[in-house]
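This report concerns only the one structure given below.
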Amino acid sequence: MIYAKRRKRMSTQEHNAPIDLESGKYVKIWQGPQHPGITGNMALELVLNGDEVVDCKTHVGYLHRGFEKLMERRTFIQNFPIVCRIAVPEPTFNEYLYAAAVEELAGIESPQRAQWLRTLNLELMRLASYLMWLGGIGASFGQATIYQWTVTHRDYVLDLFEEMTGARVYHMYIVPGGVRAGLPEGFEDRARAVLDGVERLLNEIEKVLFKNVVFKARAKGLGIISKEMVDPYGIVGPNARAAGFTRDLRRDEPYLVYDQLDFDVVTGTESDAYARAKVRHQEMREGIRMMRQILEQMPTDGPFQAKMPNVLHWEVPAGETYVKAECTRGEYGYYLVTDGSQYLRRVHVRGPSYTHAIAVMEKLAVGTNIADIAGLMVSLHTYPPEIER
Amino acid sequence: MSLKDLISPFYVWQRAFEKPYTQKHPIQERPGAPRYRGFHVNVLEECVGCGTCETICQNHAIDMVQVEGLEPKPGDSGLRPKFDYGRCCWCALCVDICTTRSLRMSNHYAWITEDPTDFNFIAGADNMSWNGEEYGYRRDDDYHLLRGERVKMEMLAPEEGLKSFEEVMKGYTEEQAKDEADRCVECGLCVATCPAHMSIPDYIKTVREGDYEKGLRILYETNPFSSTCGRICTHRCEEVCPVGHQGEPLAIRWLKRAIVDRVPRERYREILGDEVVENGKQVAIVGAGPGGLSAAYYLRRQGYGVTVFEAQARAGGMLRYGVPSYRLPDNQLDKDIEYIRSLGVEVRFNTCIGREVQFAELIDDYDAVFMAIGLNVPSSLRVKGEDHPRVLSGLQVLDDVASDKNPGVGKNVAVIGGGNVAMDAARVSRRMGANVTVLYRRRIADMPADPEEIHESQAEGCTFVTQAIPVEIKDADNPDQVTIVWGEAEMVADEKGGRPRPVLQEDRMHEETYDCIISAIGQGGSLDFIPGDYRDQIEFKWGKFVPGDYQQTALQKLFVGGDIANNTADAISAIEDGHHAARGIHKFLTGELVA
Amino acid sequence: MTTKDQSLGPLANDGLSPEERDLFSDARPVPYQPYPIEVVEKFVNWVRANSLFMLAFGTGCGAVELNPLMTARYDAYRFGFQPRPTPRQASVFMIGGYASVKTLKRIIRSYEQMQGPKFVVALGICPVNGGMYWDSYNTVNQFDLYIPVDLYITGCMPRPEVLLAGVLELKKKIKEGRADGHNRYIENLDWYKANQKRIIKNWDMPDYSW
Amino acid sequence: MSNDPKSIIEELSDHYQISEIKEQKADLLLLKIPKEDAVQFIRELRDGQNYTHLAFMTVIDYIESGIFTLTYMLHNYAAHHNIAVHVDIDREQTEMESIHELWVHAATYQRELREMYGIRFPGSPRLDDDFCLEGWDEIPPMRREFDTVSYSRERFFDREGRITTDPREHMKQIMYPIHTDND
Amino acid sequence: MNSVDEILDFAIEREQAAADFYQDLAERASSAWMKDMLLSFSKEEMRHKGKLKSVKKGEKLLSSEQQVQDLKISDYLVDVEPAGDISLQDAMIVAMKREKAAYRLYSDLASKVDDPDVKDLFLGLAQEEAKHKLYFETQYDDQILRDN
């Protein structure tokens, strides 16, 4: 790869040499938390040699609210509105995983129709999240037009959410036991129209972004994740798939109704920022394909909520479980421990950004040009709130 | 780098000719979706102020506050939710759990202010621009956080029940009781309506937790007839239970029974820890019914010497002689009564005031007297031919059955009335093999009898003829039979909001012949034993005592209660009267109460 | 709020080491003085209101609705409202919901660096009374104890439409000359500082970030 | 080497003292291992049994028994199977061997556990750097004895002016005040 | 008897007579509580009398328009002899029947006169009596026919 070679040539830093900040050779700058080139509210402490990053430390915690603590003192139903706040642009996965984990421990089975509605909800969420991300990757490489388009189309998806769930951002639709309502009248047609619009947009973005010489020049060869890195760094999701691993929980350990849907697991080979973008771009098309199948096959009547105990004094038997799902960034998981009381003993939320934004980012940043840090960061697709919770 | 890559981005120009994405007037053009979870609305008239919304809110965003013009009344606390929009996260759990579905959301979402303390309002009461908005989040019909269906209780099949006087309702199993107790929202609205103000949510909680001993202690704080009330209480509490708005109310009565059924009588003393330390004062109680014995229990617990005078041969009053054993088995009534007596309450049977003992003696010999003599004189129809020998009184029939006598009702029976006595008389007659027709002046919905009793009577094959007014009773061709003339009735509304009243339609008369007619239209009391010098000091109305605070009469030593002194005439009211009089007597005798 | 006395001495800067103290100004900020001629002040306010530059600092989840606000569909630019990457260029601070203690420290620094007169709009419920995180050990419950707020927009999250309405409301308030958060902060600086220092344990920055 | 998790555990039982084995579901097995053997056991699972992915590590606070139970969630991509390895450590002697050499991102988890629970992992990189908190001087906040409500109320204050009324008490006071006297 | 005042005087007298009737019965009553009851009936009649007096003074108007509900309870009850040991139920029957009789009387009188003013007055009085009867009928319905 010509791009990769060029990048290597640029590197002036002896990698094993100790960094002496007092030598005058280096400059330390903070990218974030108040910085336009950072995703969300977090910070990178960068040490530069010229314009090359020689050391990177990720700082998080600006969004720390102590969810796991708060959840330990809320009842099982009271937790359901709070979990979605853990990942702002992608709240639905939290709702689903929390509900699934509680259902498993409480021995409740959500009805078929609820499973379909949940799947639709999750896939819509994936689409909205990817659209936002696509805008981000465009903007961080100077293609602000993409951002204007995708955020608007994301808003059309949010309109669907508003209709379906009653809210734009925090849907609070998937509850332990099922979902809160069926689809409103005429939703299917409106959803298909939005999907058609997004599909057209994706075709345009293919031309405007992925074939764009500037994007190619900057993204190719940037932040290569080697195959050997994947497991020791716990890399999952599109970041791992771009490195050639066909790992996708939707196919490997099907949950909800994914075993009834026809879709391909998208992989890449180059494992650089470009490849990761390409994988996500392609996954959006797969998502649209899936949603069309869901809209086609979904049962339109029947219950969407299981029989529940009185949630005001709901005690879940003692136990523990780990439930996971494939979110846009990879394996998202909820680890729940109950002790038979009305409260959780412990909950741990496992977000993929935890490693992507810290261990992986800190490694990949080294040797990168400071101007590409924002692009690299976005290409790993990280959400700070799921790190610090 | 290829030329194609260089040109490709210019594809973006194609968009220049399209309609822009931009919304011209976003603020005006975009109301929330029909399902949008916007600002709260509350239908004040439907809301009962149960506060379940406050309980479930994880953000403590809801306060229950008083609203001008709303007073507490049975089934409505008069409080309404006030929202703090510095806390609310619009999760709508409050809407989902709202027992009456009065709480909803509008699709409005815009509220901007300079003062952070502004974001507080009482939904529905304060004048907000979104009040009455048509769109917004409502709980879906198929989505429930509360269960509207009651846990069914096993009962004797009607055909089985008819064969004997075996108890019909079998009681909840432990599992069922827990399941039913789980439906409670612990709002406590029922407590105000229960005449005895029992701590209902608290004892239901003990059922949920399986702690029946604690449950028994809670029951006995306000009601020493828990086994009885767990079976035959008129359960006004259930009428105001907010969960009832979702279907059926909590089976509060059955849950009370679930506690008592699981605690053996022998362990009562140990569990309740009742210790009697004599205080040397003596109280006379007239009537060993629920009122009298309830007073006896609470007085005895405080160390009073208690003597109960009972005209009949057995204790229990109307519970013994007026309630058949398939509803309240004798041993269950005995369970309650024996425990009270075991504390050292003396009962003198077959002792009638005015006959064996004089009223004046009681007043003179005892430090205080509590009188709960009940209503035991059946009201008569006062229609022509009423003194026909085949016209029986409902009370007499029940009394006979309770005393193992055969009332001789025959094969074809008409029961006149719609109260519990009428239902009992009908079901007793069914058990003696008769075909039973119930004649009632109003509609089934207006019957004062318990809905369960009505339902079970119907299930056991009693025929109901409603809006039928007896007009005359005549001799039948067969001297062992009797003919009744009745006319159809039209219902008219009562101007003052009472129950609707039937009006006879003279042009629609009917005649029917039966083996006997059981009249069960109500009872009155007899107060003739009170001598003249006392009676002027006591206040009466419609043939009943009118007690003051703490059930005290103007004759300071005399406290009264039960059916003869209240307008509800049921066991639970009598129990509370007894308890309340016990409080009053204690205060009176310790000098706290100055009448 | 206790004092409006401007005769107080220089700032203590006692969170800084002696060497660092030399590097930072200890001068007290001065309140904004309106132009003596009313018409001029009105005109200046009109200008200010129509070129609001928002600081691009997504302090909490509220930031997620700023993206649609700034893009094609809602297009806040046409109302004279746009984001700027640095506090030096910005006049409006949109507080995106809850503020953790760690972020609050950065908010204070960013806010103080902004050019006055400056305005603060608090989004969502959390700055009002703690919101969802009323019981969290790491988020403040009443934001106005630490930074003066000119406008509150309730919601979780407030939608772009109402954010836009908030911007218009802010413009109105500025035009009327009532958006005085900036001066409130300076006039009661000691009160605000005391509140800030009570919860920010590692106060290692100057008392006013010039 | 078999892929069946149960036989793997059986095989490993010869060398390790495995207890409290529970199959939560087809793809999740819970087990407990003594503190001394834990890291070696986890290494064995990673290198010998293909449990190459550390999903997360965390801790459960059993304050009543004075125990912190560490959970290492390992995943086998080939078998699509998870094993949760539990390790009990003393709540007072909170020290545990680090696994940052097995997985790079474990260091971050260990940093978090140090900050949130006060558990020390000697040798783990940047262990004492602030993670989420800054200038925290109380007991670690995720420990169960830490009361977040009172902490929040004391430092961040609820806005004043809110009063609520209990429906049951309210009705009692207005509808039947004298029926509530004590006996 | 054809002037308005005369008619009212007649009606007032009748109310007085009724009051006296209950007073007398109360004095003969064997139980204290029945005595109270009958005295309260007597008071009720005195209240009616008071009302008619104020009508006579022009302070109040009688309305012949309003239709008072007839529950017809007293129609098919047996006649009761007022005696000293009268029971509550019987006392109420007596009261109902007396009011009914008064109502009939005024209705009959109304049908026999031609002067519309006088006719109106009689009808108004009849309605008054109907109201009284309704009061007793309602009480009877609530107190005696509790379960019917």
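In order of appearance the chains are A, B, C, D and E, and numbering begins at 1 in each one.
Just so it is clear, a contact is a pair of C-beta atoms (placed from the backbone, for glycine too) under 8 Å apart; a residue touches a chain by one contact, two chains touch by 3 or more.
Fair warning: this is a prediction, and the values are worked out from it, not measured in the lab.
A.B. asks: Could you work out how many touching-chain steps separate subunit B from subunit C at minimum?
C.D. replies: Counted as steps through touching chains, the separation is 1.
A.B. asks: I need the common contact partners of subunit A and subunit D, sorted by label.
C.D. replies: Correct list: B, C.
A.B. asks: Of all the other chains, whose mean CA position lies farthest from subunit D?
C.D. replies: Checked the centroid distances; the maximum from subunit D is E.
A.B. asks: Hey, which chain ends up farthest from subunit B, C-alpha centres compared?
C.D. replies: Farthest by centroid: C.
A.B. asks: If you average all the Cα positions, which chain's own average lands nearest?
C.D. replies: Minimum centroid-to-centroid distance belongs to B.
A.B. asks: Using the average of all C-alpha atoms in each chain as its centre, how far is it in Å between subunit A and subunit E?
C.D. replies: Comparing mean C-alpha positions, subunit E is 86 Å from subunit A.
A.B. asks: Indicate the whole-number Å distance between the mean C-alpha point of subunit C and the mean C-alpha point of subunit E.
C.D. replies: So the centre of subunit C lies 81 Å away from the centre of subunit E.
A.B. asks: Per the centroid of Cα atoms for each chain, what is the distance between subunit B and subunit D, given in Å?
C.D. replies: 49
A.B. asks: Any chance you could list the residues of subunit A touching two or more other chains?
C.D. replies: Within subunit A, the residues that touch at least two other chains are 61, 64, 66, 69-70, 73, 81-82, 148-149, 152, 170.
A.B. asks: Among the residues of subunit E, which ones contact at least 2 other chains?
C.D. replies: none
A.B. asks: Which subunit D residues reach two or more other chains?
C.D. replies: 132-134, 141, 146, 148-149, 159 - these are the residues of subunit D that touch more than one other chain.
A.B. asks: When you check every pair of chains, which ones turn out to touch?
C.D. replies: A-B, A-C, A-D, B-C, B-D, B-E, C-D
A.B. asks: Show me the residue ranges of subunit B that touch subunit E in the complex, using the header's touch definition.
C.D. replies: Against subunit E, the touching part of subunit B is residues 379-380, 382-384, 386, 416-422, 440-441, 448-449, 469, 471-472, 487, 492, 494-495, 498, 501-504, 520-524, 527-528, 530, 532, 534-536, 538-544, 569.
A.B. asks: Show me the residue ranges of subunit C that touch subunit D in the complex, using the header's touch definition.
C.D. replies: Residues of subunit C touching subunit D: 101-102, 105, 128-130, 134-142, 145, 198-202.
A.B. asks: Flag every residue of subunit B that touches subunit D in the complex, lowest number first.
C.D. replies: 49-51, 54, 62-66, 71-72, 77-79, 84, 86, 116-117, 120, 187-189, 191-192, 197, 201, 298, 301-302, 549-550, 576, 580, 582-583, 586-587
A.B. asks: In their complex, what parts of subunit B are in touch with subunit A?
C.D. replies: Residue positions touching the partner: 1, 4-6, 8-9, 11-12, 14-15, 21, 32-37, 52, 55-56, 58, 89-93, 96-97, 105, 137, 140, 142-147, 182-186, 208.
A.B. asks: What does subunit A use to touch subunit C in their complex?
C.D. replies: 33-36, 40-41, 61-66, 69-70, 73, 81-82, 85, 88-89, 132, 135, 147-149, 151-152, 154-155, 158, 168-170, 385
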